[in-house]
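Every chain is named by a letter (A, B and C) in the order it is written, and numbering of its residues begins at 1.
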Amino acid sequence: MKKYVDYIIIGMKEHLVYPSAMWAKFFSKILYLYLQFSIWNALFSSNSQINPVVNQKDTLNYIVIATIISALIECNTIEWLNAQISTGNIAMELIRPIDFLKMVFSRHLGDSVIKIVFYCIPLCVITVMIMQQPILCHTQILHGVLSILLAYCIQFLYSLIIGLLAFWLIVTWPLNMLLGAIYKLLSGAWIPVTMFPDLLYKINLFLPFRAIYAIPVTIMTSQMKASAIREAIITQFMWMILLYCITEIVWTIGKRKLIVQGG
Amino acid sequence: MNYIKLYLRFIIIYMKGKLEYHLSLLLELLANTILIGVYFTGFYVIFYNFNTIAGWNKYEVLFMFTTSWLAYSFSCFFFWSPMRDIGELVRSGKFDLYLTRPISPFTYLVLQQFQYTFLPRLFFSVFFWIYSLQKLSIEWTVRKISYYCISLLSAFVIFSAITVITGTISFWTVKSEEIVSLLTDNNYGLKNFCDYPIQIYSKGMQLLLTFIIPYALTGYYPVANLLGKNLQPFWLPFIAPIVAFAMAVIAYHFWNIGLKRYGSTGA
Amino acid sequence: MSIEVENLTKTYNIKKRSTTDNSIWYFRAKKYSSMTAVNNISFSIPTGNIVGFIGANGAGKSTTIKMLTGILTPDHGRISINGLNYKKHRRQIMLKIGVVFGQRSVLCWDIPVIESFKLFKDMYRIPEKAYKENIELFSDILNLPEFIYKPPRLLSLGQRMKADLAAALLHNPEILFLDEPTIGIDVLAKAKIRDFVRKINQERKITIILTTHDISDIEALCKKMIIIDKGTLLYNGTLEELKGEYYLSHQKEVYQNAAMENTLETIIKNIYEGDFL
């Protein structure tokens, strides 16, 4: 167990190496929060005559919370794994007496601790000061936290799967870019999924992306029936198990490829 | 003439190298197409729910940001990749090789690449630009056309200058990617702010986008002027060429300072 | 072309930052210390000479070469290449020099070498006739046809170096800078490259400046050598003179140590150990 704690600490330290990059990232989060807030605010206030599916307050809360938790949920495991695999460093990692995937998760965990402290908490403080109104749905906060944790795991497993695809690809950035774009739209981090046109909404029901933002953020911000919450969390749970199985399969095949071809 | 010949030679080399991995090439194009397609889908979804934003209807907004994107795509076609690569070239010491050539390192960097990855964006921009133009009824006069052309050119210069300035930062810091993406990133950066009418932001942000990092001059002001929106003060839509010129001068000098710095410290 | 260097000095500012300081406020903690990499060096190299540059890692050798090739600008001093200087006549000089860095290839990684050659032909505006002549000449000595249609990523280190050498000489430069040209290359290829360099020097009267860690390169090629240590010029003269001087100052030891071979290697070893002056 102790060796994984060491990796958590390494993950934390790696994030702290470039303070200028951290500042830039923090500012870009604030900028994005402000951008999203302005756009949605303007959209609602200049269309007061029409009745959208969700009201202004809920949408703004949704957007703010989604942006704040994006700072936590975002995961650089894809790029990191790509680099490990394409440089061949992964062979060195496999020699060590640890479980590679657990090691990657430990690093990510350490990274996340820093993200909570340096991005999420300051962002929360800033929004509370500026918005001056309750943005969380107090009665569902425990379910919300559980849902965020599940979303965190789903995001990690998803990143792991995509990152491991580097075993088969020469250049990885196009795939990352492609999936990143789809992810941005379908996860609901940019536009609340309830606003999607019917077809898009239905397609999205069969994809894991909404389990990462749409579900936890909705639970955090808007009043829901107990049965709806239960259903949402079960959906997330199913996705987590499914992605976990896929990860194991991809990893087993990828490892075999590495051993046979020597990278 | 010689530069054109040289550029053609460079394109041949660049594309031959890329074609070695033709699957990746296809994937790159596909990825970029989807990236831009998704952006337009998001735009569609927003205006599926709402009719207007700050008094602009969706065709007006579309015309505004495709105008800006047109200039941006052309600018990135030439300058994005060289400026992104400088950091790595300086770190690895490969930048030395660019300094021992009879053409300037800047020209070399620009000529040696061919960013076909911006073609999907350009294609989409042109497509939706024409689409929005058809939906809008702007009475084009010679004066308006020339105003629009000058605005596009200014926008091209402004985008290029910002790209060059952010790229030049790599001569000083080891890790400038985050700082660069703060300004130019397509998803989260400041550049995204110019996809919507800037009235929706606070006064301070409007000033920032007009005078300091003048993204608003690339789409918002010229298009607002063409659409007959009321802009205060009246001269704002006409400053783009002057600002563009100033930015170009700043970028040129900043680049030279960066080069000088490299010359005095090396990698 | 001849090279003249006067009072060349280069000082680096080194940013001092403690490696353990991870704090957010590291921007403020900037301390500089200066290090003189090259200190008041003067020498001249006449047209047609092959000169070897010797110095340990960090002695200022590569800084000097970088200044001579116009990559770095000197703090003080003057570099004149046939009367031209980098500040004013950069382009003209670049058209007249060729540079080969042993560890950094100028060739495009994924495409056949010949395409890179064509690129340089356009870049340096080499006339068709001269280009053809050069390719023919280099083909003879360097076996270019063997690998010129393959991309560098498929070539051996020796072949890649040969290709780089040819690329640097396509435009008939009058000065050739070779930075560690034989690093990591096998003995046979090394001999080929040396032969080629010698031949080019004799036929074209090209001035060649060579840096290397391989003493045998210097012994095989250079008549003159420049030794740099800790940023200062230790020695500038011919190989024979160096050996002669060494005998004079070390006569006793040499007689005592009859077994010790008086090769260049031992001389240089002693120079580094501070025995020489």
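Going forward, a residue touches a chain if its C-beta (ideal position, glycine included) is under 8 Å from a C-beta of that chain, and two chains touch if they have at least 3 such contacts.
Note that the coordinates shown come from a computational prediction; the quantities given were computed from them, not determined experimentally.
Novice: Hey, which chain is the most central one here, using CA centres?
Specialist: Per-chain C-alpha centroids compared to the overall one single out B.
Novice: Using each chain's Cα centroid, which is most distant from the centroid of chain C?
Specialist: Chain centre farthest from chain C's centre: A.
Novice: From the C-alpha centre of chain A to that of chain B, how far is it in Å?
Specialist: That pair's centroid distance is 29 Å.
Novice: Need the CA-centroid distance for the pair chain B / chain C, whole Å please.
Specialist: 41
Novice: Between chain A and chain C, what distance separates the C-alpha centroids? Give it in angstrom.
Specialist: 52
Novice: Going through chain A residue by residue, note those that touch at least 2 other chains and give them in order.
Specialist: Chain A, residues with two or more chain partners: 20, 22.
Novice: Over in the complex, which chain B residues touch chain C? Could you list them?
Specialist: Result: residues 2, 5-6, 9-10, 12-13, 16-18, 20, 92-94, 96-97, 99-103, 260, 263-266 of chain B touch chain C.
Novice: Write out the stretch or stretches of chain A touching chain B in their complex.
Specialist: Of all residues in chain A, those touching chain B are 18, 20-22, 24-25, 27-29, 31-32, 34-35, 38-39, 41-44, 46-47, 50, 52-53, 169-171, 173-175, 177-178, 180-182, 184-185, 190-191, 195-197, 200.
Novice: Note which residues of chain C are touching chain B in the complex, please.
Specialist: Its residues touching chain B are 12-13, 63, 66, 69-73, 75, 91, 94-95, 97, 99, 101, 104, 106, 108-112, 115-116, 118-119, 122-125, 151.
Novice: Using the touch definition from the top, list the residues of chain B that touch chain A in their complex.
Specialist: Spelled out, the residues of chain B in touch with chain A are 21, 23-24, 27-28, 30-32, 34-35, 37-39, 41-42, 45-46, 48-55, 173-175, 177-179, 181-182, 185, 187-190, 192-193, 196, 199-202, 205.
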